[in-house]
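Each of the next two complexes has subunit A plus one other chain: subunit B in the first, subunit C in the second.
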Partner chain A sequence: MNAGAYWQCLSGIIRREGLRWVHQRGRFVSALVRPLVWLVIFAAGFHFVLGVSISPPYRTYIPYEVYIAPGLAGMIQLFNGMQSSLSMVYDREMGSMRTLMVSPFPRWFLLMGKLLAGVAVSIVQVYIFLAIAWFWNIRPPLTGYVAVLPALVLSGLMLGALGLVLSSFIRQLENFAGVMNFVIFPMFFTSAALYPLWRVQQASLSIYWASEINPFTHAVELIRFALYDAFNPVSALVVCAYLALFLGAAVVGYDPGRGFLARRGGGAE
Partner chain B sequence: MRPEAADALRVSGLSHAFGTRRVLQDVAFSVRPGDFTVLLGLNGAGKTTLFALITRLYSARTGAIAVFGHDVERAPRAALARMGVVFQQPTLDLDLTVEQNLFYHASLHGLSRRTASPAVEAELERVGLLERRHDRVRALSGGQRRRVELARALVHQPSLLLLDEPTAGLDTESRQFLLQHVRALCRTRAVGVLWATHLIDEAGEEARVIVLQQGRVLADDTQAALSAPFGSLSGAFDSLTARHAA
Partner chain C sequence: MSFALRTAALRAALLVSVAAGAMLWAHPACAFRVFVSNEKDNTITVLDGASLKILQTVAVGARPRGIVLSKDGRSLYICTSDADHIEVLDLASLTVTRTLPSNPDPEYMALSVDGKTLYVANEDNSQVSVLDVTKGEITSEIPVGVEPEGMAVSPDGRTVLCTSETTSMAHFIDTVTHQVVASVLVGTRPRFAVFTRDGARVWVSSEVAGTVAVIDTATHRIIKTIRFDLPDVPTAAIQAVGINLSEDGRTAFVDLGPANRVAVVDANDLAIEKYLLVGQRVWHGAFSPDQGTLYVANGISNDMSVIDARALEVTQSVPVGQSPWGIVVAP
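This part shows the complex of A and B:
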């Protein structure tokens, strides 16, 4: 297998994910409506309740909706990562995962391909969201739109890898509701997406520390800083570390000798 | 060339268990190029587990599986590249078109759209679905979907074709179509075929038959040789499985 063959395989996986995304209009619309509802309704309601003082990367006082916009971009990626995981479980139950797994390419490469395909879709969604948010006066510097791209790639990979790990442990599609309750909501609410961590620290020290070790907090901060032309090295390091951890776990989870298929029989007779 | 390299598929001393439940016990057989081999067994005989091990969905703990001499564990890429598979479960993307499904499969074998295009056209033509290439799979009947799956499994020109209960849920006409098409592949392209089924009448006169029962191979011979002492393959199957149960 030469480099060209690897490229064909990768582009084929990404193309399929893109086609599925375009064909499943409900998924497309809900991915966009969810953050917009938070931005338009939730942020409007809290506009006068929560004041956000000057804290990096912002150089002045900002309205609440400006504060939560990067968190909502992260939310798109969080949901997308979990959606990819859901689609992996669905593919496994429906059998189409087998088509992928009998490809002669190395399994780690196939999983990376799935991951990159999900990230590509999530980044398109984030840019559409940011374009709409511009009309709500969320207007980061133009260079920020470029600077945020690597941050989105990194955070998307990390959240997608988490989705992969979860998909290797979830046996049935029905169990996915548990992921909503035990992964998505806790990660979202104990993060810096909706409120700055110094505020959380004033309210509860234990929740503050939970937020500090929450990978989603660092994904959001990485996006927030990049969007305003700044770099947050701590968040970048933490996101990279979680990415390595989740990727390692996913490769083990899908290993034919050790992973879920070997343990559970993968629905065989 | 090593002697076993001539076999499209060689399974030797294969055993597998899920926890304490033993699913396959010392299974051994081979499929030569051009062979139409029927793996006959009731539901739960271990056919799907055997297929999962051959396709490396999970690893074999005991025994060896080789495809044209390439060990599935040690050289999975070479082994999987020569293998085409039709799984028991439908595995097509219903929201994509027929053609998109086939091109996706081609890309998983490292083939560009341009390289795969003639093969995609030819295989769809052979299964009589070329004019439906731009239709979504969702719009096709069960029999047509199965034909698309067969065409897809052949896009990368494999020399070994594995089919796990490919006719499940199909009407007689679709069943006959699939059987004839696959038998023709054996004759014209020397493709080695392993066809798992619980339907005895799918083993034609020219077939080799492997009887699998509770994870063990009870018989491995030509259809004619197996049938002769019992008058029919059905009689042979009943007698073998009853003897094993006793």
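This part shows the complex of A and C:
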């Protein structure tokens, strides 16, 4: 097989994911409304009226809305990562997964393609969110909108890979509620998305350490720094490490010979 | 590390374009320094105006608050309130070269137009001391209301304005006769006053009332009392103190103390344009020589916020000493 064939396969997967996103209007709207609800309602109620103290990459005091915006961009990607895992379960239940898996391309490539498709969709969503947030006075430097792109790719890949690992565990569509309860919410709340970590540290040391090892914290910090033209090397390394870990687990998980599917007797199809 | 590379490339491109822009403009930027009085650690922090790096921290007398630049720009007069005198800091050597008498508890002062006389508010004994700077002698004492604090000299040099905190009045004092010619009742606890460049109006801030009275200097009547209304901020936290009027007379920046905001006011129609979030308990501010930047001292967060006075945005906050109070920009 040549590169052209690989490209055709990849673009097919991305197109399918894109179409699915556009056609499922509910998903399209909810992906957009969810972070906006947090921004407009939660941030307003939670308002640090006297400003959030300076912590890098911010160089001065900021309103709370400005603080949580990168966390909400991360939330979009977190939900999207989980949603694509949901779509894998759906594909498996509907049988279209089999069509994909019997293709002559290597399994890792198919998974990567699925992952990239999800990341592409999540990045479009984040940019739409940032564009709307601009009207809420969340105005990072223009260069930040460019610098955040590679950060979004990396964090999107990591969260998507986590979704892939989870989807190899989930037997049925209904179990997605469990993912919400046991993955999305804990990850979101024990992270730097809603509160600066120095503040979490003052409140509870154990939650602080949970936040520190939480991959989502580092995805958010990577996005936050990039959005303000800065680079956070620690978060970048942590996100890369988790990405490698999750990808490895996903490839094993989807290997019918030795993965989780095999242990469950060949999946749910 | 493609991300690092991209960010680096982006920065480099930005730097090159900024440098090219700067060369095109070929505007010789005057170097200047920012002086901040820190009332708790008894020092003056000296920062480089461009880099905002601390150049030196100078130890001075107890509780330095009000600071004023001499007319020749070579010295800084410092009210060291708890030392009960005024110190003169030589800006070339950054050493205190002279001590001037002031009567007890000097808090704020204003320099006459010719630069030879300092009018000092003595908070504890309800008077304004008139100090001959050259001789280093107090030549006159003017009784005013209780707890005088804010001091300002009109551009024509004929009037000194003193605000008394407990009496809640702005006293207009004739500089020749040293008599109070008019007293205007303003909001509770007036702390600061500044004349417009044409001398037609004087702005007086009231800390407890959280208002600014704009007074007509010819009729001694209040033209308007500006009230600040910040949604969600408790009214008690809105305490107007320092005021900076831009040289073009268009904009006023009012420091709102524990509301952690600087209010931007249109100086002509006296309407509030915007609130800028700064550090905790903002006291006083000073413009850069080109008027493009305003520096404000945040008393509780121990830092100084830097405001882009044209874009009306806070760009940065940098740590200074403990409890910063007054700010002066000088060569």
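In this text, the second predicted complex is superposed on the first by the 259 of 269 C-alpha atoms of A that agree within 3 Å, B and C clash if a C-alpha of one lies under 4 Å from a C-alpha of the other, contacts with A are read in each partner's own complex, and residues count from 1 in each chain.
Basically, a residue touches a chain if its C-beta (ideal position, glycine included) is under 8 Å from a C-beta of that chain, and two chains touch if they have at least 3 such contacts.
The shown structure was predicted, so the numbers you read here are calculated from the model rather than taken from an experiment.
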- Task: Considering only the touch criterion stated at the top, classify A:Q8 as touching first (subunit B), second (subunit C), both, or neither.
- Result: first
- Message: Is A:P63 touching anything from subunit B or subunit C once the two structures are fitted on A? First, second, both or neither.
- Response: second
- Item | First, second, both or neither for A:H23, with subunit B first and subunit C second | first
- Item | subunit A residues touched by each partner, larger count belonging to subunit B or subunit C | B
- Task: Using the touch definition from the top, say if A:P104 reaches subunit B (first), subunit C (second), both or neither.
- Result: first
- Task: Using the touch definition from the top, say if A:L142 reaches subunit B (first), subunit C (second), both or neither.
- Result: neither
- Message: So subunit A touches subunit B in one structure and subunit C in the other; where do those two contact lists coincide?
- Response: none
- Please name which positions on subunit B make contact with subunit A in the complex. 18, 23, 43-49, 52, 55-59, 76-81, 83, 85, 87-93, 95-96, 100, 103-112
- Which residues of subunit C touch subunit A in the complex? 1-4, 6-7, 10-11, 14, 232-233, 237, 258-260, 277-280, 301, 303, 305-306, 314-317
- What residues on subunit A touch subunit B, complex-wise? 1, 4-6, 8-9, 11-13, 15-16, 19-20, 23-24, 94-96, 98-106, 110, 256-257, 259, 261-262, 264-266, 268-269
- Note on the structure: Per the touch rule above, subunit A residues touching subunit C in the complex are 47, 49-51, 53-54, 59-63, 143, 146-147, 150-151, 154, 226, 229-231, 233, 236
